[in-house]
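One structure below.
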């Protein structure tokens, strides 16, 4: 048995998520698909599992060209996928989650299904209480449930999309054992990840994807530096950074515990000086977002204290944080930042401190024109937020940051932006920092982290894994640290 | 006493049928807001058709078609055209109400066929229960059937499990091979057909004949019952019977307090609001944790995907 | 969707609705063009008919203007019927109990109507923000409660001397009537029309020219982004309810003090729900509601002639209104689905 992916193309608007991908995988192999965030791994896997239809290309299993126009087709052909966020139904029981979507008689014989669940799960070495609600399962248990279900349905190819996000170390070990066992039984296991160590540990062969294209294929083992280089490209030239003298500490986090969804950060201590830029590195969901949200006042720490400029904000509301001089720019520019249906001028009026009850549209339009020119936004004062490109949305968001800000929190400030806009965003942020504003930003872009941070905090599996001075580290080391591994 | 309970069971029948239909529709993730209009137009159609043909059954079929057609417009415009379900449902409510008045004008005051009473032999002889439950007619037995069938369908069948999946988390159901949008369309149509039958039950059984105020507010009440019932068929039915009891009580109190007869029909509405506040309260929502075996029955959460359009990409 | 495509879709919807109406009339054996002609003649065919139409137009645009505010905040204020009714009750209470000259009593009834409507709307608002009851159901429930309360007053405490009848309370003293102005041999509802037009202008200004209106739109479009911007979202939602309710309440005042001159059980005349149709057809724009409301109210007033002259049920007007809105919505959906792919590039994911 072999799986062949041939010339897959898929675009979303102008973005080429899959740009002519071809991969061949043999029976019984544990194959790693490696690539950084946004490289096109997930899109490819969703095509394989029938969730998306490819623009062109073929998937051939065992010599048969498959028609994958829906997940039902993929399942029937024996391709099953575990999504990054295990797609369970929270208010339903384990048993019902197991049975939902399964073929069979109209009448659902739960005794029968329960026996099947027990049979398949014990073969795999899992244990479930069938009457528990899926809501109360950990991410790891939800995965185990999904694996059990797919095996029951007779999957021959199993796709795991970033399966180690949000699960504990023990569960990870157990998952890996399972994956090895599945491969030994002759299944094709596709392991999609951007964690080096995991791919090194687990896989027999690997394909590296960058910008929708296959850039590297090899049998394991392969030296880690080769993989790092292939994943990120050769961008690790750290340019001369302008030294800015740091001021007094502004933000003080002491013994902070944070709990949010699957993240559980414990005993976090961090001081950020005025004018300092701190980069948060790590895979998505490793805890960076929780830290940013806590600093913004959107996530109250379970314990510990948070001070800004000597004033305690531990229990302060979100609006209290705003008033204290904190400004937060989340990753979803149009979902959490800008407002659809509202123009540039209107956004600037909302952002302005000295707007009066009656809006002077003439003046507001002038302000908008000035800001549009200042920030080189491609749009007119009456352009709606949703009509702007990502880069211009980010420029608008930057122009809306109040003048007096002590702490700027940014989540993926340049994600999806063209090179010019990204550089521009940082020109602005560095100008802020020169005025004494502290900046904390989360990014998946190693180059960006190295180039602009003073310090880099690396998160791994929900904890702070390492803290490095940006000048004392390089892309290679960061690549290791993000993958949860110290450089040897 | 027996007679009172008998009439409560009979009076609640159309409400039961309509709210079971809406429960099915909403469980799949679509809101059919048009019930008030659908019921009225189908009640009128049922009467008109039965009057022409001279047979009640044909009226029921016509009413089911009317309810299904209105539901199909809502399903198509929300699933196919991505229009707002609430907006389309509301417009159809008003449109169907006026269409019923307009087309039914000439039938006001006419006498048509009716559903004959049909006591079930032996069962109706059981003391008390026999008289209450089995000395009824086919429509009432059908209302029993819808409760049992909906419950059985949701909790004992594979398609029933899938319908909960598409209402709860369409993307996850789709990933498991369930054709979300096609099923949503047909469950909306099925729910609409049941709503239509409820309308016919009014004009051909519960309150014979056709006039504009015949089914007044029944549709809105059915919609509220679904929420009160937490999308669980048995609790929805319980709510409908409680409402039926209130109505019968109001009718019987008319003789005692003649002045308040016009007001009592609205008494259930503040109760309904209070009931909704109650089922959404912290206290009630914790009940499900305390009695895990009954959590389906005690839950008050709407299907998480209710009213959301499912798009694949 | 481009502007011209939207306009084309609207026109197509209108024409299709008209064709549907004509076919419906033919189906029941009525002369279609005579019937449509009667609607036009019955609503604007003479100065006195125009005056009646204008009197009906006023409460409709008052309620619709209020709905523009609640829709801007993203709310489905189906409780508007109840707010009209409670406004009417509050105004009736003032009209019945407060003595005084016209210039004192009439403004007092207007203020009372506004307060009554606003409080009733706030009740639905608090049920939403604090009781998690969706505004559609809270609002509907309160609609029925208000209707029941009006009926209770009419046949109970406020019944006509001697007889309890659903035909209404005693006629108010003339000092509580909104004054009319004679011109060209017809009395004109100047004050109601002024109130209606003023409400449209105020709402247009509020949403177009003030920070409050802008924040309201922001909350309605994206509550979470607005919260992150530091806008107290619940307070703005309640504010929208209060304004929408107040305008609906004034609509109720017009119904009792300018039209019926007494409280009747069905005091809202269905204008609350009709106003929702108007606002949907107007695409939630304050300016567009004035002409659309006039068109709709002309259909409503004109179709009463059908009953008298052709024996056609006057519900035909409502059918026509509903079909117009339904078809325009559907045509808009079709245009967006099948027209935009070729005219505008697809949005990125």
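In order of appearance the chains are A, B and C, and numbering begins at 1 in each one.
Following the convention adopted for this analysis, a residue touches a chain if its C-beta (ideal position, glycine included) is under 8 Å from a C-beta of that chain, and two chains touch if they have at least 3 such contacts.
Remember, it's a predicted structure, so these values are computed and weren't measured experimentally.
Chain pairs A-B and B-C differ in how many C-beta pairs are in contact, and the one with more is B-C.
Taking each chain's centre as the mean of its C-alpha atoms, the one that lies farthest from the centre of chain B is A. We define each chain's centre as the mean of its Cα atoms; on that basis chain A and chain C are separated by 48 Å.
With centres taken as mean Cα positions, chain B sits 44 Å from chain A. One inter-chain figure worth recording: chain B and chain C are separated by 29 Å, centre to centre, where each centre is the mean of the chain's CA atoms. Residue positions 313 of chain B each touch two or more of the other chains. Shared contact sites, meaning residues of chain C that touch two or more other chains, fall at 349. Multi-chain contact residues of chain A, defined as those touching 2 or more other chains: 12. Chain B makes touch with chain A in their complex at residues 156-162, 164-165, 168-169, 171-179, 292, 295, 299, 301, 304, 312-313. Within the complex, the chain C residues that touch chain A are 209-212, 214-215, 217-218, 221-222, 224-232, 345-349. Residue ranges of chain C in contact with chain B, taken from their complex: 24, 28, 76, 78, 127, 131-134, 136-138, 140-142, 144-145, 147-149, 151-152, 155-156, 164, 166, 265, 273-274, 276-277, 280, 312-313, 315-319, 321-323, 325-326, 329-330, 332-334, 336-337, 349. Every residue of chain B that touches chain C in the complex is listed here, in rising order: 33, 73, 77, 80-83, 86-88, 90-92, 94-103, 105, 217, 220, 223-224, 227, 259-260, 262-263, 265-267, 269-270, 272-273, 276-277, 280, 313.
Those residues of chain A that touch chain C in the complex are listed here as 12-15, 318-319, 322, 328, 330, 335-342, 346, 349-351, 355-359, 361, 386, 390.
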